[in-house]
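Take a look at the structures listed below.
In the two assemblies presented below, chain A is common to both, partnered first by chain B and then by chain C.
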Partner chain A sequence: MSNTTSTLPAGQATAPRDKRRFSIDSIALAAPGGLFLIVLLAIPTLSLIGLSFQGMDGAFSLSIYEQMFGAKIYIDVLVNTFSIAFQATVLCLVFGYPVAYWLSRLENRPRRFAMWFVLLPFWTGALLKNFSWIVLLARNGIANSVLQSMGMEAPADLLYQRTTVIFAVAHTMMPLAIMTMLPSMLAVDRTLVPASRTLGSKPMQSFWRVFFPLSMPGATAAGLLVFVSAIGFFITPQLLGGPRDTVIGQLLIQQVTQMLNWRLAGAIATMLLAVTLIFVLLYDRVFGISSVTGGASAKLSSGPVRDFGHRVLNLIAMIATAISEAFAKVLGGYRFGWLLPTVAIITVLVLLIPVVAFIPMAFGESSFLEFPPRGLSFRWMETYLTSPVWTDATLRSFYIALACAVLTAFIAGLGGYGVARSNGKLGSIAFMGFMLPMIVPNIVIAVSLAYFFANIGLLATDIGIILGHTVVSLPVVFIIVLTTFKAHDWRLDQAAATLGANRFQVLRHITLPMCQGGLIAGFLFGFLHSFDELTIAMFVGGGLRQTLPKQMWDDVILSVSPTLAAASLVVLLVVTVLFVLAEVARPRA
Partner chain B sequence: MSNMSNPTTKLSIRGLSKTYNKTVALQPVDLEVKTGELLTLLGPSGSGKTTLLQLISGLVDVTTGNLVIDGVDQTDAPVHQRDIGVVFQSYALFPHLTVRENIAFPLQMRKVPADEIKTRVDDALAMVGLAHAGDRSPRALSGGQQQRVALARCLVYRPSVILMDEPLGALDRKLREVMQDEIKRIHRETGATIIFVTHDQEEALALSDRICLMNNGQIEQVGTPREMYEAPQSVFVADFIGVSNIFSGTVENGQLRTDAGLLPLSADAPAETCAVMIRPEDVILNGTASWALKGTVVESTYAGSETRVTIALDGDKSLIVRRPAKSEDMARGLAVTVSWDQAHARYLTK
Partner chain C sequence: MTNFKMNRRTLLKSGAAGAMVLAAPAILTRQAFAADSLTIGDTGGPYAEAFRLAFYDPFEAETGIRINNIVLSPDPVPQYQMLVDTNYFLMDVSVMTPEHIDRLNREGDYFEPLNLPNVNSDDFVQGAITDKFAAVYMFAISMGYRADTLGDNAPESWADFWNTTQFPGRRSLYRSPITTMEIALLADGVAIDDLYPLDIDRAFASLDKIKNEIAVWWTSGAQSTQILQNGEVDMLNIWNTRAQTVIDDGAPAAISWVEGHYNLGGWTIPKGSPKADMARRFIEFTLDPERQAKYTEILAVSPTHLKGYDFVPEDKRGNLPTAPGHIEKLRPLDNAYWGENLSAVTERFEAWLLS
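Right, the complex of A and B next:
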């Protein structure tokens, strides 16, 4: 009697333990990713930070920071960086929001169609678009001709202006902002706005008091991501800015590639990272970090921030309503339907201009880049295809991207599966871990890796670049794989198991075939990410291992030749084809 | 002209229709809703119930026809200016606002003073029994509680017409019955005119003053639950409401020729009769009438208060009979005759 009662609880006690073992089991698949990120992200970054706190003799010292904050030039650069990043972020939000809002209101089919035009400039990368601006905004470029035909006297200096830099940075980051804002807008229940209308609110009130606050998680996440990317961004300031627009990124390039001053580079990277972390923490404080991923909570935040937010919104709603009512009276009704599509379509067109402008330029006849090009010739295509420098770089980019895609898909695939299958605390920690390379500015990762690789002999090797590219493409691929696995109906696997399939058979016959779209998309996006990546290639390639983007960068610094346009066209083609394939393969949630 | 309409008419719909691109969601319909009545829109999926409701609320623009509320043409009035409350099937509670703020929303839109808002929100919360949950997020409530909040938010500004689109569709059976009683009580207490969409005929019979049965974007018949059940005007209505046995056929010298045989027609049956309908409780088994159909028992199901017997007739026709539970068992295969009192038969002309 006492025997049976004592075995029963013991038997029950094993049940939950089994369950826990199962969840540890699947999250263990995230371990390779964790290890990878510890070795190639955490250790390099921390050792570079550590270096910045050492003196020449290796003892603790703040001398490098004193030197940095003591020199006016560094302070100026800091101020430039943050002011450009901030203004570009504001522009991205102000113009990106209407585009995302417009997209969110379209029916599914037209929306998918319209999204191509936002995604294309997203995947063509920063380099191409900024090359294009150089040509378009040049003193004798098309922008000036248009301005002159509208009555301007002398050609304006559009290049090397702060305004132009801010515009082009915002232009580069805008697709990221739109793509980040859209999901939370789509998640807003479509009946809420009509519901508020039946409750007596005017159109403007419905927007500001119902839709807008509900779309905030995406908008603030977009603000954070754009700002963090923009403070490490150097391409636009270098290409389109003057000496007074120098930013931290350029300083880092100079210190590392020209002066090999690792301590100062470490100090700059540390500071960038610190500022980024402060912003992320602030964001987490106010909005909760989970809103980056669109997680909705049943708890409403309370307190002064929320009250203040609601008050501000109510005020905006009141003003907007007054304005719209006044116009409605003049127009005899709420005839503003055309306004949103107009603003959104114009914005999207502006996003597309520099991408599309490249196509004819590659076939120009003259020996310098111009738009619109004169004559039609294939000589620059030919130069590109017959020059070993360019073809070597192209081939190298191809196989580096391929290796990176394989590695990334493998690590992210395991990690995504593990995180999707676990709902414990470890799962969300692993999630955060995989997202880290998105939060740490790319340039910090690049410098840290360069330092790390220099110490272990991987600097200026293809392997080094592959590893670096894998680090930075992990978050995007991970997210794609994770959403795929999360959308998968795991009951089908259970059904297959009851029908006699073992774990491996289930994976092979059920899970993988059903999730293959997402996995293929992840693979292609990993490839794309590597194929037009410049920052890592610049720092880790050490000037010896030229990838195609790095070759283009060097070319544009020296001379903007039409060969560049030919190369860009190749990139554009590869990117478009792959990205179309990836988008088609990718399952829709 | 609209002033001429009956003073107790709350809402009057004339030739209202809706076409999306080329699909006709609602054909031109006419409907009068009386002040203070609870009318249900009943019909199968896709029959145009939601469309009609959206036209009344102004959420979609009408294609043709007009809508008069309280004698005033409201066809083109903006949504927020109509004196209408809508309860959505998905509740449509604002997730970024607390329960209390949700209920206060329509009052704020109407610029009601803050202290009055407070008392009215308190009253509304008390009315639906949620006084304790005012500061919670709607997401933290159960389905039934969310439904009550949606109801409170609609009642708080006392609209004179309330539209409900399958408000109970997402609730389980038990909760649905509780909420039906709640809606009836609120209807009694507020005297509001309610238009209630459902595709559940039992719900419609239980709730309504009148039922408006829709099919294919048209109104089939409008009437009290009793009229709908006892005097259906078409095969569709007879079939949709309650259980029915329908024999369709053609009139031949005072009789109806059907697959199951010749059926007698009473003298007052219309000449264009195309079907006879008889309710299961009106069928007589082994009766003494001058005519009868022969059949065999296929199945007999005991259901507590009654027994349902299915009988196979000629021409692959089957017939359902309801008998008091206490009557003797009918074995499978037993040969029987069926007939009915002519007074209970309904003659359908379409």
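Right, the complex of A and C next:
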């Protein structure tokens, strides 16, 4: 999901207007995508919701809701879910903002280099990072050794604590936050801050009253995306949390994969979806989510909110200025230049720690995952390579990802072209449609699809997983393709057309070659998204069709052997190679 | 295959790992599918290693049929059900306990009959051989603790485990009502022979007293091993096999057998399996007493064949649940009780955990 918004040039000039006839024509290209999402998103979700309102006899009944609200735990778990997601989102914004700000002030080349260190932890997936934490934060693990060497007496209980869960969720989501905030910071006119300084503002005032408000659209978008992703997220609470940190996702897994209780699962999913949508609507009222979808900078909506925001900012600016001026006096000048890079670099290093830490674990001798590992051996690498369970899962992930990438690129390619070439209302509707899988929590999509597929015989099939992965990869790929087409200079096509080329020839010889980079990047990101995906694979795979992430998940839960680290290393290699290819292919405005 | 292995090992060691990693799945999978093969669902960890040594490798050597193994979920019942319902045979043989079988029997017809004419059930411990189930091992669940932190002051009963002032330390319990309900009642003073049918209300009342002291509710055998091995907790209820793995690895852990329970584990064939005959051949192969004794080299479970004990190496006998001094303290788990009550009690248990 990462780069979606990062590729969005906020308020970019739209393509030159074509004749109306042409745009109606083009938007029809979004139809396959629309149909796809109706069949595989709308219908499954609605039928699961419908099921939850039926009694055992099929007639309308609220019995399952009475059962759900009667047992207090479902509400408690919903509260847990939102509270963890909210706190993690705040952490992401507070620590992600300085990193994005730092990145935005770097020159192009070093920025691109630094961004890889942010994106790598994103694409390596949540699973790997979280199981790394289990080892690193153990009571006798390395983190505690460090703490004790610094003079702490008893080992701290780091695992199975709410604080750790929130930290690890934030850690998982941080790259998404950073990459979402960055574009709007880059779009801020660099001369504005110096201009405010020449008008007599202190550095802190310039930042808080000029730069910060202008960077807000990215931050609000990041807040929403992180929050919605965190709501459906279950990996961290499952691996690092105790029973009191249980979230909705875990309950759904239990109801579906263990109890096969579809009605209750439907009711839980409906509740989650409803609360999420209410939240999104409220969020839109307060901040405007056009920023999420790449529209012109958010209209910081109505009077009261805006006034309040300004007052808060003024206050912060005053306090910050007072502090910085005081320090400046003591230090004899503004010597805080080191502060931002330090905070940013430390944050990025923390992002990388769990990714880097498991590499040596893959080559340990012990039968347990330990850090630092004892000895050096290739036995776990060998186990991974010779075990058909692991190699089957790896192969399956490869071909599912390939099929998903092809399908996604096709649907998103057509849709992106159609939307880019249309300026009408239909275009924005199609746009919102393609973004929908990002607003509906992944876990709701997964449960709905599993139910839908169970009814039509696609549960526990590879095709089912491919279709599911396509649904969730669509937004990312669509955005990449759409930006590419929007950045394309359509006058070239018109020129070719006036020279006598027909539409097919224009497409073949002008449009596609020029947009090639973006399309390839879209394809690769679709591949990566599927290769990395756990939620859909878990529900739709039915515990039988094992993809690599699902196999890794089972291993974390059931074996905790270093084979897992060996498998992770393979994932890291594949992801790095593809990611580098995609980044190289992607055109930059 | 041997040749290939040699080559690969040399290659890996010479540092060409990266390229191999990417190419290997394709090569190896073709190898795996080349011959006849059976996929077996076992409980992973030391079980998988021990069965590999005692059963899988010898069976491969004798028949040429390759054995692959996958690790089952802590509760394999839903997966098994799905597998038979969808006719997708992820595995051809699966380890189950009588409690799992009881639950599946309530849902429908999920097992192939074993039809083992050469096997005499009188040669085995009671209940080991039925028409759908062939037990190959006996295991126990009891208490494990860290000898380094608890030292001389080790808990010797579940009442001690509940006594947090006299026995301080970080505690963990199994996130399942099975055996957790039993020990809650034992801690509350119920005699081990009077447990069944369980007084569930009393068990929850007893659990209420310890709830805040439970740092981790472990969910899988591997996790219980991990947290005992790395010292994340000081005491927990744990399968003796999982605790023994920790002890064998050299960690300062110990097992208390007081007030524990034992159960059987063994093979079943999913209904409709296309490889049922091959699976039967495998199952019969594992019912040999000497082969069963072989797994005790790695895994601290007792053979189900009555003659099996004679073949167990001297130094391993003391680790088994059936060893003198252990078995007297253990009682059989009531599989029928759990077959009937598990889902209702689990629902209450999970709700209790979250409250």
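Basically, the second predicted complex is superposed on the first by the 563 of 589 C-alpha atoms of A that agree within 3 Å, B and C clash if a C-alpha of one lies under 4 Å from a C-alpha of the other, contacts with A are read in each partner's own complex, and residues count from 1 in each chain.
By our rule, contacts are C-beta pairs under 8 Å (C-beta built on N, C-alpha and C of every residue); 3 or more make two chains touch, one makes a residue touch a chain.
Since the model is a prediction, treat every value here as computed from it, not as a measurement.
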Could you tell me whether chain B and chain C fit or clash when both sit on chain A in the superposition?
-> fit
Using the touch definition from the top, say if A:D189 reaches chain B (first), chain C (second), both or neither.
-> first
Looking at the overlay, what does A:L199 touch: chain B (first), chain C (second), both, or neither?
-> first
Tell me which partner A:W116 touches in the superposition: chain B (first), chain C (second), both or neither.
-> neither
Considering only the touch criterion stated at the top, classify A:P213 as touching first (chain B), second (chain C), both, or neither.
-> first
Chain A residues touched - chain C or chain B, whichever exceeds | C
Where does A:L569 make contact in the superposed view: on chain B (first), on chain C (second), on both, or on neither?
-> second
Return first, second, both or neither, reflecting whether A:F327 touches chain B, chain C, both chains, or no partner chain.
-> neither
Between chain B and chain C, what is the tightest CA to CA spacing in Å in the combined model?
-> 41
Footprint intersection on chain A (chain B / chain C) at none
Residue ranges of chain B in contact with chain A within the complex = 57-59, 78-80, 82, 84-86, 88, 90, 92, 94-98, 105-106, 109-110, 137, 139-140, 153-154, 157
In the complex with chain C, residue positions of chain A that touch it | 71-73, 76-77, 134, 138-141, 157, 159-160, 242-244, 246, 254, 257-260, 366-370, 378, 381-382, 385-389, 391-392, 394-395, 398, 459-460, 542-546, 554-555, 557-561, 569-570, 573-574
Partner chain A, residues of chain C touching it in the complex | 5, 8-9, 12-13, 17-18, 20-22, 24-26, 28-29, 32, 37, 44-45, 68-75, 78-79, 81-83, 86, 88, 90, 170, 175, 215-217, 219-223, 225-226, 229-233, 245, 249, 343, 350-351, 353-355
Would you mind writing out the residues of chain A in touch with chain B in their complex?
-> 189, 191-192, 194-202, 205, 209-210, 213-214, 296-300, 334
